[in-house]
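For reference, the structure is listed below as structure tokens.
Letters A, B, C and D mark the chains in the order given here, with residues in each chain numbered from 1 onward.
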């Protein structure tokens, strides 16, 4: 199995040769990987070097935390990648911005109302979490479209709080 | 002399206090919110009583309920820890009224130091230097504050009168932005302390935050246990503390120490407390405030002096004399504490909640971990994000940094994100290693990406391999699941067919 | 000077050594057996290489493979830890031949002290008192030993010439039982050390096992770091060690310390080593043997002296002078170490194996845990049952005991049985608290049931309630499962029926 | 639900009243029990007192490890217990003794042979486990019936090694 893996805008061609070997570019390397205690923590022994890392899947990407550094990694099946490249990728951008809760918390106050015009950087919602008050600001100028929460309400992470048209 | 101590707190500090009590042969009573039924302080205490729902206001801030529990359980002393009720004069007074020993200072000392304005006035009288500000006693309106601000001079700080821990604090660069900042500071102070009053203070630029640990007994003995350097902060929250400060020499240490003792004596202080100073580039130092309680960062002082501060607090509250004279306090080696917070350093330090599924503590020589969490425990958004303190000791500062590096590298916590990578990056920072930093260092001259981008590149390939192998394993696993499901579904299809046939 | 250290060991001691290397900025190479792929020493090292199958003979005792790995990986030093190859003169020699620094004594010193007979002869010449025995150099046949036994006098001990750790040791009360015991001792010695030779030694009754930690550099400096009391043993296996010994006064300490230094000098000793003594009721002391390696119980000495013994070993091997003179070594407070073994103290201490599913370490002030295990790790029957060392420090012995009690109570390990309850019972023993014990104490005057049967009764009701609630929960759970299964089975029955119908 | 629970030859009558109360003898006590992290470790708060304990099921008994002490506990449903008491219990004893491995390990040597007469206390098998040699002795006089293992063989805990007729 061959993969094309992208980190920090650099591409690596990695082939899983067999259970004990991978090929990175031209180099054939002995490899052994174990997940620790069934957790997203991996112990990797690569050509004698021992590494340990948290590896999380984050939607389409992989997030690797290694020796205090975080890497966003894109892993693509070589065949898949070729097909995609052939088809071309079109990114559609919606006109509406949805403010999502960056963390679970309590809505303290909503200093804006539906229909109100807001400027970039204007505070839309104050969210309290772990005893800190966090100001959630508008990323651009616009008009408040729908406010989906009330002051005093508890919200989950990634819950949509309001929208800007 | 009391025999049973109620700990009016949660988390690592409640555990720390229970340990001290147990080591002194005292019984312990824990109190807990609904979110904390399985918390370590509940598991370790001899007795445990429910306070109420998770929010602090309905649990750990319910002084009335806590006092009822003390009476009902026969606890004859209360240790408040830090935060919550620790600096509430009225709570300390009520304990005294009920004949319960409050393991802390007298209510009058809390009051004298608790109102930051009064505190400044008091210490000025004792000849202690303070940062220029609105030290006038009493609460000022926004109008008053706006009027007096230009006299204090910009940049200045708005600070909560009842405050601590950076809550309700705002930095103001000009008169124009001040009204909005006053409002948000008051709002945060009101939420955190139930008191929206604020005062102004000149912002000392390039300052270091250096504090002195004081202990005083009820026989008039007051000594200091040296300083802690706490300049590594973010949004006025301390992230790392060390002792001794790389910035002080013996002469300045002795001078500041005796001023700290004087400040404590000015309010007739008993028990453990901390005098916070700002020290500017020219080594001028200013009294900032006194924390009339045990401090989060007390372990670094314990590591370099060998004094068990919590045990000493309890002995003092039992009426004993200090176990040490100032001359007997010896400083040995260097200690560093990293506060491990459940927050994501790669995502603007937003708090992270969830269940801890796995944890591996760094151990071995010179390493101490104070924590209240364990695998299976749920981190909720109701309380402080600090889940552990990692403390190391080394013969020298350099050795302590090396030891901290290896301890941070060993520490595993799965289930929530932590700021351990922040501390790892900090330990690699040349400025930190050189001791060249002030309280703005983290916010202004530090970046999670900056350090050693060369070694980042070298490791990028390893990261790529790790992700690829994880992705490959996952693809293999899901292929198996699909295959198994196919079989299962087919059985269920049969059932469906059978049902249709016999309808 | 070497830069990359191969650690020829496993478990907690390999982890301990890796930590020291890392804190000194040295690279580390781990070796591991097939059973140890996920062991902590493999996870913490910079490099890791497979040795072979689980049994020690095929892995950690394969000197040839280890040296090959050292060469291939570019490791220019080897730390042997304790056990395995630590006291093998030939291994140390081979390292020297290959230009690899052996972090330990010279091969000649290992040889001189490794053969217990020769060792006794050597130290006698240096004026060190020894226990009467067959100190003649060379190996004796069973006939010779049986002939000489009455001269030594009964009771006596058969001990393995190559031995250590109580393996191949047998106590003999009379000439009649001696032949059978000789046979089993030789068998065990052969299995443990590949050398079945034994010698005889007078059994000193009511003796305490007290040992002195020695460190010596290659510049002729030899000092001792005080003593460790190791009389708490079972089947000649140490279970608990402490420093200082409650039995020694300063005068005897100084006397024994200088004799210990003399014994080390007699074999031209370099690096860390331990001189073991027996001390009888009248405070006569006898040289027992020298362990020419790092000792399991070295942390208690580290806690009371502040010396990092492993770091010091590495510095010595790099040719440095000792960091301390004898006068600079200060003793501060009291330290106790409990060896936590995977064995069932309620079932004759039989070894317990299995996967650790959960663990909670005691932490906080004055507590250190050295371990190589973690949740998810499998304890196999291939190696020593010691899975952790719990070490505490207190200002006094009493305080250390109280701290150890609370630490033992906090420690949770699920998945294997441990001897933690043994240590808890010991901490409650009045004889232990009073310091009144000898090496026979655990086997002859200690019982897991004896201590405080009053409090046992008080807790029996709690135990009854716990079991009842657990049983009740389980009954409820299985009722639910039965109900769920009933539904599932009925679906499958349908499938079966459908299949039958269409056959 | 009522239980009769026996510890150290003492009987306790324990009734589960509801989710938050039990009755022990005559005393009604508030109770709260939680298993820690899904492990056989239980945190019990009984009338305000906090206890923590390992509770294992061991065949028909429960084993409770509390503050360094181990208790063998028999928990019986009250109704069940009455029925049993009425029926009476007969214990049958077999003539053959099966030597089972008390721990996993390696058979070092078997100094007896099938058909050999052995005395009480005589060593039947030497088992090596965790670097210790353990002598397994005969509990009584008899004749070695069947030897089911060989020297050098690895055995599991409770595996039958040989039998004495």
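By our rule, a contact is a pair of C-beta atoms (placed from the backbone, for glycine too) under 8 Å apart; a residue touches a chain by one contact, two chains touch by 3 or more.
Bear in mind the structure is a predicted one, so any value in this text is a computation, not a measurement.
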item	value
Selected pair, greater C-beta contact count between A-B and B-D	A-B
Whole-Å gap between the CA centroids of subunit B and subunit D	47
Distance between chain centroids, defined by C-alpha means - subunit A, subunit B (Å)	29
Averaged-CA centre spacing for the pair subunit C and subunit B, given as whole angstrom	38
Intercentroid distance (Cα basis), subunit D paired with subunit A, Å	51
Multi-partner residues of subunit C (at least 2 other chains)	44, 358, 374-376, 409
Residues of subunit D engaged with two or more neighbouring chains	36-37, 39
All pairs of touching chains, each written as two labels joined by a dash	A-B, A-C, B-C, B-D, C-D
List of subunit A residues in touch with subunit B within their complex	1, 3, 5-8, 10, 12, 14, 16, 22, 24, 31, 33, 35-37, 39-42, 44, 46, 51, 53-55, 57, 62, 64-71, 73, 75, 102-106, 108, 126, 128-135, 157
Subunit C to subunit A touching residues, read off their complex	30, 37-38, 42-49, 73, 374-377
Subunit A contact footprint on subunit B (complex, rising order)	167, 184, 187-188, 191-192, 235, 342, 346-348, 350-353, 357-358, 381-385, 408-409, 412, 414, 420-421, 424-425, 428, 448, 456-457, 459-474
Footprint of subunit B on subunit D - complex, ascending	32, 34, 36-39, 43, 45, 48-50, 52
Parts of subunit B lying in touch with subunit C, wherever the complex brings them together	15-16, 19-20, 22-25, 44, 299, 302, 306, 308, 332-333, 358, 360-361, 363-371, 374-376, 394-395, 399, 402-403, 405-406, 409-410, 491-492, 494-495, 497-499
